[in-house]
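Quick heads-up: structures coming right below.
Same chain, two partners: chain A is paired with chain B first, then with chain C.
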Partner chain A sequence: MLSLFVLSFWRAKGFELIPDFTLANYEKAVVSKLYRTLLVRTVLVGFVTAAIVVPIAFALSYAMRFVFERRGQLILQLVLLSLFSGYLVRIYAWRTILGKQGLLNSTLQWLGLINEPLEFLIYSNIAVVITLSGLLLPLAVLPIYSALLNVSRDQMEAARDLGAGRVHLIRTILLPLAMPGVRTAFAFAFLLAAGDFVTPTLVGGTQSLLIGNIIADQFRGIGSNWPLGAALAFVTIAIVLVIYLAVVQILARVTR
Partner chain B sequence: MTNAAVEIMGVRKSFGSMTALEDVDLTVADNEFVSLLGASGCGKSTLLRIVAGFEYPTSGKVRVYGEDVTTRPPERRPTNLVFQRGALFPHMNVYDNIAYSLKLKKWSKKRIDDKVEEMLALVRLEHLGGRGPTELSGGQAQRVALARALAGEPKVLLLDEPMSALDLKLRQQMQLELRAIQRRLEATFVFVTHDQTEALVMSDRIAIMNRGRIVQVGTPQDIYRRPANVFVSDFIGQTNLLRGTVQSIQGGVATLDVVGTRLTVATVTGVSVGARAALSIRPEAVRVSRQESLPEGRGVEGRISEIIYLGSSIRVGAVLADGTTVWADLRDEEAEGLAVGDLVKLVWAPAAPTLLLGDNE
Partner chain C sequence: MTGKRRSQWIAGLFVLAVLTYLYAPIIVIVLFSFTTSPRLSMPIEGLTFDWYRSALDNPLILSALTNSLVLALISAVAAGIMGAAFSFGLMRLKRPHVREALIGASLLPAIVPLLVIGISLAVFFRVLGMPQGLINTAIGHLIVCLPFVVLTMNARLETFDFSMLEAARDLGATPVRTFLDITFPLIRPSVVGAALLAAALSLDEFVITWFNIGNQQSVPVLVWGMMRRGVDPSINAIATLLLTLLVGLVICSNLLGRKKRS
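The block that comes next holds the complex of A and B.
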């Protein structure tokens, strides 16, 4: 990590790396139109994915903890199992669901809700977001569920007894007590989505490449440029971090 | 009834095939302190939770001050519950815990401040508003839980063994405090406990429960002096049970044959000649005598098997012919000269025993 950081100030000349202290790479990363577009798209995709994944993971964890109770543990095992089924396999699974003749389109057509297959379901930014959400959901459930294990049924009942309806219960009791887990889940989803470069190539269109793809290119094959790749990576991390901290602040404010 | 605070009418509750409550009827009056007393698993908490709204009865109704609340969720009932383990909110300090229901009611800041202060004074924790729940002792935490439940001015306060986690000394002190608070606020309390002393000390009336039913409701004196059946007399305090068969009933007096001795007792409704029944006599009502003759109908013969020093009294145990042990609590001078192995007469005043119909022999 540190060596990568040092590397980001070097120069690349042909296939050689030349030690230096230059901000040229960073300048390129920020000024270049292409990189800027990709950065913005990446951060947006990451943020939207996290914003979709975390509430769903919260709802799932809530159900596992308080609706299914003991059977919640069983569901947890299934969630863990799904994580072992492999990343690529799961991306391909989403392809068969979202594809033009995929599960979703054929079902909707069969139901008569649409006449033509929905084109935007595959090879688009939406496809990337949906697939990433599906991939990251189990990972987000884990920290939230374990945080909810610390909330006792008595505490929930006490809040209701004192007059809290569902919304208040979540806002004043569940969210604050589950906040460490929610933060972790948000960080997982945001960082991993923003750093992904496999999903865009498999389900994304020409307009949905992410910064991860460019960064990966900088580290392999012809035309690679390690220092530039490192600089791009650090800019991405910095932006993600700033947004993450802002979100944490806002969440803390809302649930006070 | 016009001044009924809580009316529980024909409430049954099943969990799957398990029946937790069977046809429970109970009315709690305004300003009354009623305890639900019974052994573990008899359905006390279930009944309280039905009143609070956390469980809905399988059949039957619950009214609070005349309003049918049977299917209303807990957040919209005029009752508050104090939990066995406090259940304070760990991410809020004492002040915010107590203010929780008031904020939900959208009271003004000033009014909330005043109320929290009043509640803290009530439970004598004036200076602890800023503490976190983990910085409180067990007794303090339960006081905060009480203050939190009372702050919203519930019409009925429900308490589910709120002191069972405290040690004896603290529990006794808090029993008196709780009773004083209830009197001061002129509030209606329904209190669950499995501790008979606790129920006797605090309650206006006690409802004794056994296996999902209420078996007797009455003042502490009623229940102690006139238990309705063998279960109650066994459950409340120490008692001697002399089991036998009813020989005759005449002029309000029943005669029982107990181990070959005829004993008399005021009869109760539902007794018939030939029925199995029991005579209940408290140990403090039994005297030990060495006289030759047995007083007619109110004494049995036994051999002393144990002499136990209890501090304020001496407990003497004597075994009857059928192996039953009868206990007598004597003063020091009454027990003088008694020794294990002595053959003695155990006697009592004519009004001392109660006739019970056995329901769990």
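The block that comes next holds the complex of A and C.
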């Protein structure tokens, strides 16, 4: 709640850093071609990440809730524990795994499956998406799993006894009931992926920098420009929120 | 029956694949903190503790570790007390609408990218004229920790029997006495568990720290600097040590929560 207060504060004070009240930063943020490219890429990476993470989280929650009845709790604990295994460490580890001479390439070469290292694995958008998905999956599982807790096994049994097939069951009963959880999970994955700058720095190349990198650079580093960074952040937040709301609308219409 | 067996197999394989995906990075780091080859590749040539030695030889590690532990302690105590008070107050609220709204508001920081929280705080403190440093960072950590503390406290307070407090009051106990003799002993495991969680979150926090700590060090900030400079196997060693600490804290926190429930 404190942060909400600070955030609302920021909106006004962000511009006070510059002596005169100007919209020049916003103009720069919107007009610059570089920033526009980065914004589009950020939205795409965030969207693809969310599109990978949410279905996996749903399938995992489904398995934990309805297939493994008692061991499901243990699996959940393991999934959540991975959240506390070091944020920087996990990103760095993916560089170790995906690198040109990294674990995956060297193992494949050692096994004789490939002759040349697969170069697209590292310093690419693919590397960024793989890493972000791993980071955000546990966070997406949490809301979906708790939404599925509201669906009782009896309801599922009853529908099955009435002859509903598995796909039909998931589509007509489970998805609508789990929708609030799916929505939250999508929000987590999309918003947090779009706001990350550590992952593109460590596993992304020059062709996969995200808007977060530019914003972060405006606040720390040589030639930093706080007001420009603030303007960029607000433009990004606005765009990401609009897209998020649009996706939620579409999802609601599809599952109705 | 065979159909059920088969779907269990498929689900099992799927769960295994996901867990591998989540844990592969961690296993890799721990493994390569002990291997001789500085190039992180297969096959493994030999085992060594050298990287741990060079990690501890790093002149900055001591100040980084001290700062990180101070921040973790502040976060644990402050987030523990504030979070417990907040969710205790929530549970006593009669109106469900207000309660839901307050819970939602308290969880909001969890969904805002850390980058946004980090730079917002940096701007906020700059406007106040506070130089960057540990105090600013500690406040930032508190914001990150509170939603998680409130979430765990809410889950654990759901079974709390508030009528006991009324009974104590009816029997003539003062509010302070009631708190010391009844409330606190009952909620202590939950509060300590939530505080340990806050300590773990604080130890691992990088983004907010990065924008607010100025030119001071913390373990993640130090590691970040090393990572950007290139491949240095002592990163794996520091990371493994940090990992052990984090997992230990989280497991302790979980065990404390479980004891109370039984």
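Keep in mind that, in the parts below, the second predicted complex is superposed on the first by the 225 of 256 C-alpha atoms of A that agree within 3 Å, B and C clash if a C-alpha of one lies under 4 Å from a C-alpha of the other, contacts with A are read in each partner's own complex, and residues count from 1 in each chain.
Simple rule for what comes next: a residue touches a chain if its C-beta (ideal position, glycine included) is under 8 Å from a C-beta of that chain, and two chains touch if they have at least 3 such contacts.
Not measured: the values here are computed from a predicted model.
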Tell me the contact category for A:A252 with respect to chain B and chain C: first, second, both or neither.
neither
Output check: A:L162 vs chain B and chain C. Expected answer is one of first, second, both, neither. What do you get?
first
Kindly classify A:S106 by the partners it touches after superposition: chain B alone (first), chain C alone (second), both, or neither?
second
Between chain B (first) and chain C (second), which, if any, makes contact with A:P176: first, second, both or neither?
first
On the A-aligned overlay, A:V242 touches which partner chain: chain B = first, chain C = second, or both, or neither?
neither
Which partner chains sit in contact with A:D154 here, chain B, chain C, both or neither? Use first/second/both/neither.
first
Between chain B and chain C, which one contacts more residues of chain A in the superposed model?
C
Taking the superposition as given, does A:Q77 touch the first partner, chain B, the second, chain C, both, or neither?
second
Quick check: in the complex, which residue numbers of chain C touch chain A?
7-8, 11-12, 14-15, 18-19, 21-26, 28-29, 32, 39-43, 105-106, 108-109, 111-124, 126-127, 142-143, 146, 200-201, 204-207, 210-211, 220, 223-224, 227-228, 235, 239, 242-243, 246-247, 249-251, 254
Residues on chain A engaged by chain B in the complex (per definition of touch)
152, 154-155, 157-165, 168, 172-173, 176-177
What residues on chain B touch chain A, complex-wise?
52-54, 73-76, 79-81, 83-85, 87-91, 100-101, 104-105, 148-149, 152
Complex contacts: residues of chain A adjacent to chain C
1-4, 6-7, 9-10, 13-14, 16-17, 56, 59-60, 63-64, 67-68, 75, 77-79, 81-82, 84-90, 92-94, 96-97, 99, 101-103, 105-107, 110, 134, 137-138, 187-188, 191-192, 194-198, 201-202, 212, 215-216, 219-220, 226, 229-230, 233, 237
